[in-house]
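What follows is a set of structures to go through.
What follows is subunit A paired twice: with subunit B in the first complex and subunit C in the second.
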Partner chain A sequence: MQSRSRLVPVLLVVAAGMLFRAPFLIDAAPYESTMGLIQRIFYYHVPSAMVMFLSAFVCGIASAIYLAKRSPRADAAAVSAAELVVVFGLIVLVTGPIWARKAWGVWWQWDARLTSALVLWLIFVSYLLLRRFAGAGSEMLAAAVGVFGMANVPFVYWSVNVWRTIHPNTNVVASLIPEMRVPFYWCTAAFLLLYVALLLTRIRLEQSRMQLEAAYAEIED
Partner chain B sequence: MGFLQTVWTIARKDLVIEARSRELAYTTLFFAVSVVLVFSFSFVVEGVALTDAAAGILWVGIAFSGTLALGRTFERERQSDTLKALLLSPVERSAIYVGKLVGVLLLMLVVEAVVAPVVGLLFQAPIGRAPLLLAGLLVTGTLGFAAVGTLFAAMLIRAQSRDVLLPVLLYPITVPLVIAGVRGTAAIFAAEPNLAVAQAWLSMLVFFDAVFLTLALWVFGPVMGE
Partner chain C sequence: MVGVLVVAACLTASAFAQQSPPAQPPAAVDEFVPMSEAAPREVLPATPLVFYAYGFVWVALLGYVFTIWRRMARVEQDLADVQRRLKDAGAAR
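This part shows the complex of A and B:
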């Protein structure tokens, strides 16, 4: 479909444009009172974390659909979403400690939210390892892991509100002053668009790979 | 065959095999005690073991020996292709899952019944302080670990690299469970015990068990294939 093949480039251009503009918007926002310059990592760290959790849900739902219906498209979506969890999770886990070192004095804290985010990331890394090394039939096994990974996300999110933790709680976003809200939502939108573009591209890549394998198998016979 | 009857038949099969050979019980038990010893050497300061290490070492021992027990239990099924036979038989898939789960759970609980006193002995940990609470933590923790582990071990039976993939998959997903178990046990063992905190962790474990047991029951059928 002509319109579908244009969607991804459009998304990429818009996301790239937004991300190009983002530093200027961030620069215009006021400094946070206690942390100064380093707090501005927040504008990339939080949207990346949101995208990471979103992708974990997408993978979980796609895995559940694959378990129920064995649809190859669901499988392609699941593996693409899992890879993006690992990528955006890597951004979160790198920007977080950089921020933490300046703001809290330590690179890492074993508090509930950090630990849970790391664990979620590890689960999806293990998902990818399973798909790579388990041999034939690994799609089904990985789907089970994807469903369990998604089930872990609520534990991640509730942890910050249930247990006392030094990580800023989830009320930070709601209490942002207007001058900070604009760049924050701008960056969130930019990351979301980037995520959708990457996901769609990866799904198409996976579907092409599956078609290629099917064609190859036909030749073999 | 009814659900409970299937569960009992499968569990009894495993227990009878185990009772006759005692292979898993002895090896897993010895492995758990060795793990506890190895870790305790790492945490000994000036000849005295760190008291706070007791809870962590207990649960690490449970996790490691549990992984071993799971691997061996399903290796047995793989050798004679008995799992395929079970799946072909006209019983509910979830009953097969629960039957295997009960077998693994009982084995792990037997091991813990020995390892917990050993930990108490080596670390002067007060395992008698709140025995019901400690038992509750151990049982719910083991149940959650065995629930996820039985599912993964069963589904990996025909996969390549299954020996290393089982812990690779199992440990990240059971981390919340191990955290809850360790923190709850540490709250009991601490110099100033906080039983309310331990009970809070116990309720988290119950919740975790409910969620993951339900998920595993739902996923087991489709994942074990046509």
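This part shows the complex of A and C:
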């Protein structure tokens, strides 16, 4: 129990340290030939997208477990992961258009990748709205939305390969030169550590809230 | 016969009147304009955009951490209050 309570602060400190170091590594990476400086947004934009997809999977799997077993722990994990999909998805949907404004000349294009990413984000916003406003029993409906949201992730990921889009395709990461690969994977690791720390903290908050609800119910009895 | 000629003349006159002047070919380029004299194109500086993007990431993450910390503090305080009330109620019985 003590090791678990120490895990989150350690993860947070390591992630924060890595994120502070990241700009120096990014600065040392070469400029991209057509986009120049604006391409540096890539080193935060793509890891945020990867974390968003990961969190959508966590939410979907936890939701499926909740639907099957009605496990409170699975429910806590699902709502925590859904909240993080919204947070990291917001980062993706803001940093992407900032990059696009310079690279493509427009803030937004209704192409397959951008539109499907926005839809995915809206699905998890609706998950949170259901949990917040739909009252007792909304956990089941929200869990179904979580599973549906997880099912959308492969479509979002493969959209750039299947449809003609303005967004770079999935080959970009695999084809990075070593000087760009190092800062990219550094940022990805930092974001993943941060995600795990935030997820564990949010799950603890949700479990405390469930304890509080149980205590209120006991008082009323 | 005269009537036919008049009508034909009128139709021909109206056709000439409606006809638009022949399209003029574009003026040939007669000089090259050096870059310094060309009309300024939009030049969007990348540096502020990169700062805005990175700044937003930090604001979003720190803001979320702050909201979790505040919610956790509120829940833990409420939980402590409720547990104290339950303890008092148990002692009173």
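One rule holds for everything that comes next: the second predicted complex is superposed on the first by the 221 of 221 C-alpha atoms of A that agree within 3 Å, B and C clash if a C-alpha of one lies under 4 Å from a C-alpha of the other, contacts with A are read in each partner's own complex, and residues count from 1 in each chain.
Basically, a contact is a pair of C-beta atoms (placed from the backbone, for glycine too) under 8 Å apart; a residue touches a chain by one contact, two chains touch by 3 or more.
Keep in mind it's a predicted model, so treat the numbers as computed, not measured.
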item: Subunit B versus subunit C as contact partner of A:Tyr44, first or second or both or neither; value: second
item: Partner chain in contact with A:Ile123 - subunit B first, subunit C second, else both or neither; value: first
item: First, second, both or neither for A:Val182, with subunit B first and subunit C second; value: neither
item: Touching partner for A:Val14 - first (subunit B), second (subunit C), both, neither; value: neither
item: Partner chain(s) touched by A:Ala144 [first = subunit B, second = subunit C, both, neither]; value: first
item: First, second, both or neither for A:Val196, with subunit B first and subunit C second; value: neither
item: Complex interface listing, subunit A residues touching subunit C; value: 23, 36-38, 40-41, 44-45, 48, 87, 90-91, 94-95, 98-99, 101-102, 194, 198, 201-202, 204-205, 208-209, 211-212, 215-216, 218-219
item: Complex contacts: residues of subunit C adjacent to subunit A; value: 44, 46-47, 49-50, 52-54, 56-57, 60-61, 64-65, 68, 71-72, 75-76, 78-79, 82-83, 85-86, 89
item: Subunit B residues touching subunit A - in the complex, by the definition given at the top; value: 148, 151-152, 155-156, 158-162, 165, 168-169, 172-173, 175-176, 179, 208, 211-212, 215, 219, 222-223, 225
item: Residues on subunit A engaged by subunit B in the complex (per definition of touch); value: 67-68, 115-116, 119, 122-123, 125-126, 129-130, 133-135, 137-138, 140-141, 143-145, 147-149, 151-152, 155
